[in-house]
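So, here come the structures, one by one.
In what follows, chain A forms one complex with chain B and a second complex with chain C.
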Partner chain A sequence: MMAYNSLLYLFIFLPVVLLAYQLAPQSFRYKVLLIASYVFFLSFSGKLLAYLLFSTLSIHHMGLWLASCKKDYMPAAYAPEDKKAKKAAYDSKRRRILWLGIGLQLSILLILKYSGFFFENFNLALKAISFPRLLPSMKFALPIGISFYTLQAISYLIDVYYEKIEADDNLGRLALYLSFFPTLLEGPICRYSQTAKALCQGKPLEYKNLTYGLQRIMWGLFKKLVIADRLNLLVETIFDTANHYGGIIVIAGAVLYTFQLYADFSGCIDMTIGTGEMFGIAIPENFRQPFFSKTASEFWRRWHITLGAWLKDYIFYPISLTKFVKNLGKKSRAKLGKHLGQIISSSAALFGVWILNGLWHGTGWNYIFFGMYYFVLILLGNLLEPVIQRMVNALRISRTSALYRSFQTVKLLVIVFTGELFFRANSLTAGMNMFQSIFTGFHWSAVTDGSLLKLGLSLPDFIAVFLGFIAVYTVGLIHEQGISIRDRISGWNMFARWSFLYAAILLIIVLGAYGDGYLPAKLIYAGF
Partner chain B sequence: MEQLLEILNDINPSIDYETETRLIDGGLLDSFSILSLIPELEDAFGIEITPMDMVPANFNSAKAMWDMIHRLKEE
Partner chain C sequence: MKSKNRIKSILFLTGLFILLYITSYLLLPYNNMGDNLYKKANGILKEPKDTIDYVAIGDSECSASISPMEVWNAYGYSGYNCGVPSQQLQDTYYLLERLLKSQHPNLVFLETNAFYRDFKYINSLETSIEETVKKIFPIYKYHDNWKYFHFYMLKTISHKIKPDSATVYKGYQYSAIVNPYKSGPYVTETEDVYVIDEQPLLYLNKIVNLCRDKDIQLILYSAPSPKCWSYAKHNAAAAFANENQLTYIDLNLDIDTLGIDWAKDSRDDGDHLNYFGAKKVSDYMGKFLSEHTDLADHRKEERFAGWNRELKNYLKLTEQN
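For the complex of A and B:
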């Protein structure tokens, strides 16, 4: 196994692939990437590669099948009286192919990822009614990246169906689109139109791409080693022995886990995007300074952007545009007015988005709660917007004033930290108990009696994390102003550039958490 | 076009729809605004907007929406 932060990946796998890629003839370069991706996959999941191969072959076939339907459908050649029937038959056939394709992808994911959860809860229900026999428990090994590549495969089929893209007859290109090694572990969830063409162009390596990519990888490593890995011991201590703690310690657990998750996931995405850049391939961004958001919905447009965009394009809009929801909207707007009518009709789509968002992350009830938590908050936000606007007008508060914005930031942080508490909790019950213990076990003395230093992290650890946090915050602030730090650095003279690079490497070595006494965090999102 | 601008101003009057070309990409109209817009457009122009039409390019400017409306009317 070679995670992106492992020495094997950084010092052997990646350099070897870069070298092989550059030495290969241009038309063969995408095959080098494909072979590398399958080697990478095999290192994690071995023979489970069969699932990936099945997904690849099936979407290749379904895409071509959809395309062949289009070729066979020639409206100009039909008699006017036949046109309607032919069109209906054409639409129906294409719809059946699409659903078959989606069904195949989803059924693998559902069986492998969710059957254990289903049987466990079904058995609990049987036990509750004292049923004499229980179902056998089932647990399947999950191929790495299945939650990510399945969504990519579905998006490809839907985009072909809606004719947003042409069906690809090049099996190798589709295989690489689904399995490109930097995106396998934690995404981002790429669209075919975003990466497939670039993956197969076989651009030669360029100095600028290599240095930009390397800088981005180092930034990801900094976040991962200095913040995520250093915080891991503390987060595991608090969440795995949650009944020992309450009050401020649990708040600290929720806050620090949120920062750990952000540093871990966004750090991994930095390494992914950086690796892509080295090959001249633009992988879509997955984060845009989420903690600078003002509302929960804005937060989700800036955090795990590609999942949010996928759910918006393939769940939210399709549900919203069904005849049923449109009619519901019309009726409720007529009866309850524009605003309420809109809320009612959009709530069905919003529910679909958030239940799937929760379930996508995992199979515990805490993930379902996590999804429903945001569903309710976003629905309430939309529902109360006119009331808030009236209040703000009556109190003559400017929504752009620093005070109001600070209030929004604090409110959002409380929302996010609370959500992540349930997300990380070992179960929904554990999450509920932890949340309750914030109030029942609250003592200010936890700040002064050194309790925080008895959770696995020493004062120097906290200082290193704090410095890492300041660095991440400062970079976020600069990016928020639309400034590209790497463009600025590339304008410096060679001495300054290399000094900066060496200083950055030194910082990672000095502040990073590794070696004895540390418990490095597994790439968190790779588990989803 | 007048009618379209009227509908858009009703959704969010603080945007200059005649010049703005990044309504979606710039985050000026979110998915809820778009959902409010769709039934208005469908009723006003007698068209049906499907998931196929839900691409930023169709909603980034008033002109893009106008072009989409014309295309859907012809279909």
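For the complex of A and C:
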């Protein structure tokens, strides 16, 4: 297995691929990337490669089938009385192909990832009415990246259907788009229109791309190794033996898990984007300083951006445009006014987005709860906005004042930490118990009696994590102001630049949580 | 890439390597606690010919669970722990074959965790790369010592402590770190069998045959480890032992007799034992040897005087923690 932070990936796999890419003729370069991607996939999932192959072949075929329908459909050649019928038949055929294509992709995902969960819950429902279990227990090995490449495959097919892109007749190119190794483990979820062209261009390697890419990879490694993997020790202890703790320890677990998740996932995305950059391929950003947000919906526009955008484009809008929702909107606007009417009509689409967001992450009830938690919060936020505005006006509070913004930040952090507590909990019941224990088992003494230092992290560990936080916060602050740190560094003289890079490398090596005494920490999102 | 940039890259990397090499020396430990693990296992080759009564062999579960000096101290049997972290059974076999050229132990304790070690070539490759990097740049191995930096500096500079001889621990991997296992009882009886893969099984049979040929009693044992052990694994190891008429000691089933206290006896949340846990397992194994074999107590024998000298060092090192 070659996680992006492993020596095998960083010092053998990546340099070999870069070298082979550079030495290959330009037209062959995308094939080098494709071979590398399949080798990467094989190193994790072996024979499960069959699923990726099936997905790729079926999507390629469906795309071309949609394209061939368009070629066969010739409105100019039809008699005026036939035009309507021909158009209806054409639309219907294309819709059927689209649904068949999506159905195939979703079936694989549903069977491999969700059948066990649904069967188990069906059996539990039967048990509740004293009926014996009917369905067998199912557990399949999941190929890596299945949740990511399935979404990419579906978006490709829908984009071809709506003629935003043309169906790709080159199987190799499409295969590379679906399996490009830096994005395979944790995304981001790329659109065909964003990456496919650059993937196949075969641009030669450039010094600036290489150095910028390496710097981005280093930043990702710093977040992953110094913060996420060190926090892993403490977070695992708290969540795996949750019934031993309450109050401040559980709060610390939720807070630190949120930071661990951010450092782990965004660190991995930094490594992904950095790798893409080295090959001259721009991979879309997945995070934009989410902790600087003011509301839950803004947070989700800055966190896992590509998933949010995917759900918006392929779930929210299609649901919003259904006849049922349109009629509902019309009626509710007429009866309840513009604001309420809009909220009621958008709630169906919002529900679709959040239930799928929860389910996409995993098959536990805690993930469904997580999705519903944000659905309710965002809906409430939209609903109460006029009330809040009136209150703010009445109390003459400036919404841009530092005090109000601090209040918003604190409120958002509480929302996010609470959500992540349920997200990370081993089950929904465990999450509920942990949440309850914050209030029932609250003792200030946990701060002063050294309880926190007995959970797997020593004082030096906390110091390392704290230094990591400061670095991440400072970089976030600078990026928030639209400044490119790498551009600034490249403007320094060589002595300053090299000293900075040497210091950064040394910090990652020395402060990283790896090797003896640390359990190997997996990439968190690779599990989804 | 322009040649100017190529030269810059080479210069940068050269500078980095020199820096890593130099900084490595700031974090080197002052004794051999974290020394090269194969080097420790190979330490048996330095022992005088035919002076070892028993050998313990396997992966990290082995190297962390039996301390031969504890057995020597209580019973006077000479043993060596040849366990090597992450060792796969084919390496165990070759190591055993090599050490049997200079030693003829009466008994071999083979730890069972390696029966289930992943044989993916990719993992072996990753391990080899890591080991090579650790060898070239010790900073990669000892990086975590920044936490104790002042401690090492004081010890090495003010007292000028010389590294201890590798033989003090007789291959045992000493660690006094306490990271408790907290998830409660883990022994749940089942009829499931965790089948031993084809490749480890091949080498397991080779080890059995090698011991038979050399007239050595082979004993399988499972070190206490809630993280690694399962009853399904026990069933497979017990079936193999039964088929081959071998003794199998599963210490996981006997935690209470051993007196293992998971709040104190694990170094990493129940994956491996620390020194306090290993002491208990070593006492158990020593007692087993005294009850089931006719090994002689060598404590007063002149040719084992070195063992008594090393025992003093060992006690000093372990009592410091």
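As a working rule, the second predicted complex is superposed on the first by the 524 of 528 C-alpha atoms of A that agree within 3 Å, B and C clash if a C-alpha of one lies under 4 Å from a C-alpha of the other, contacts with A are read in each partner's own complex, and residues count from 1 in each chain.
FYI, a residue touches a chain if its C-beta (ideal position, glycine included) is under 8 Å from a C-beta of that chain, and two chains touch if they have at least 3 such contacts.
Treat the numbers as computed from the prediction; the structure is a model and nothing was measured.
A.B. asks: Counting only touches as set out at the top, which of chain B and chain C does A:Y502 meet: first, second, both, neither?
C.D. replies: second
A.B. asks: Between chain B (first) and chain C (second), which, if any, makes contact with A:Y207: first, second, both or neither?
C.D. replies: A:Y207 sits against chain C, while chain B stays out of touch.
A.B. asks: Where does A:C69 make contact in the superposed view: on chain B (first), on chain C (second), on both, or on neither?
C.D. replies: After superposing on A, A:C69 lies clear of both chain B and chain C.
A.B. asks: Looking at A:A198, would you say it contacts chain B, chain C, both, or neither? Reply first, second, both or neither.
C.D. replies: neither
A.B. asks: Quick check on the superposed pair: does A:Y162 touch chain B, chain C, both, or neither? Answer first, second, both or neither.
C.D. replies: first
A.B. asks: If you stack the two complexes on chain A, which partner ends up touching A:D313: first (chain B), second (chain C), both, or neither?
C.D. replies: In the superposition, A:D313 contacts chain B only.
A.B. asks: Look at A:M432 in the shared chain and tell me whether it touches chain B only, chain C only, both, or neither; answer first, second, both or neither.
C.D. replies: It touches nothing on chain B or chain C.
A.B. asks: Could you list which residues of chain A make contact with chain B in one structure and with chain C in the other?
C.D. replies: In chain A, no position sits in both the chain B and chain C interfaces.
A.B. asks: Which residues, counting only chain A, touch chain C once they are in their complex?
C.D. replies: 1-2, 6-8, 11-12, 43, 205-207, 210, 236-237, 240-241, 244, 456, 458, 460-461, 498, 501-502, 505-506, 509-512, 514-517, 519
A.B. asks: Would you tell me which residues of chain A are touching chain B in their complex?
C.D. replies: On the chain A side, the touching residues are 162-164, 297, 301, 312-313, 316-318, 320-321, 326, 329-330, 333, 338, 342, 345-346, 349, 382.
A.B. asks: Within the complex, which stretch of chain B touches chain A?
C.D. replies: Touch residues, chain B against chain A: 27, 30-32, 35-36, 38-39, 42, 49-52, 54-55.
A.B. asks: Give the list of chain C residues in touch with chain A in this complex.
C.D. replies: 1-2, 5, 12, 15-16, 19-20, 23, 27, 34, 120, 122-123, 125-126, 129-130, 133, 139-141, 143-144, 146-147, 177, 179, 182-183, 267-269, 271
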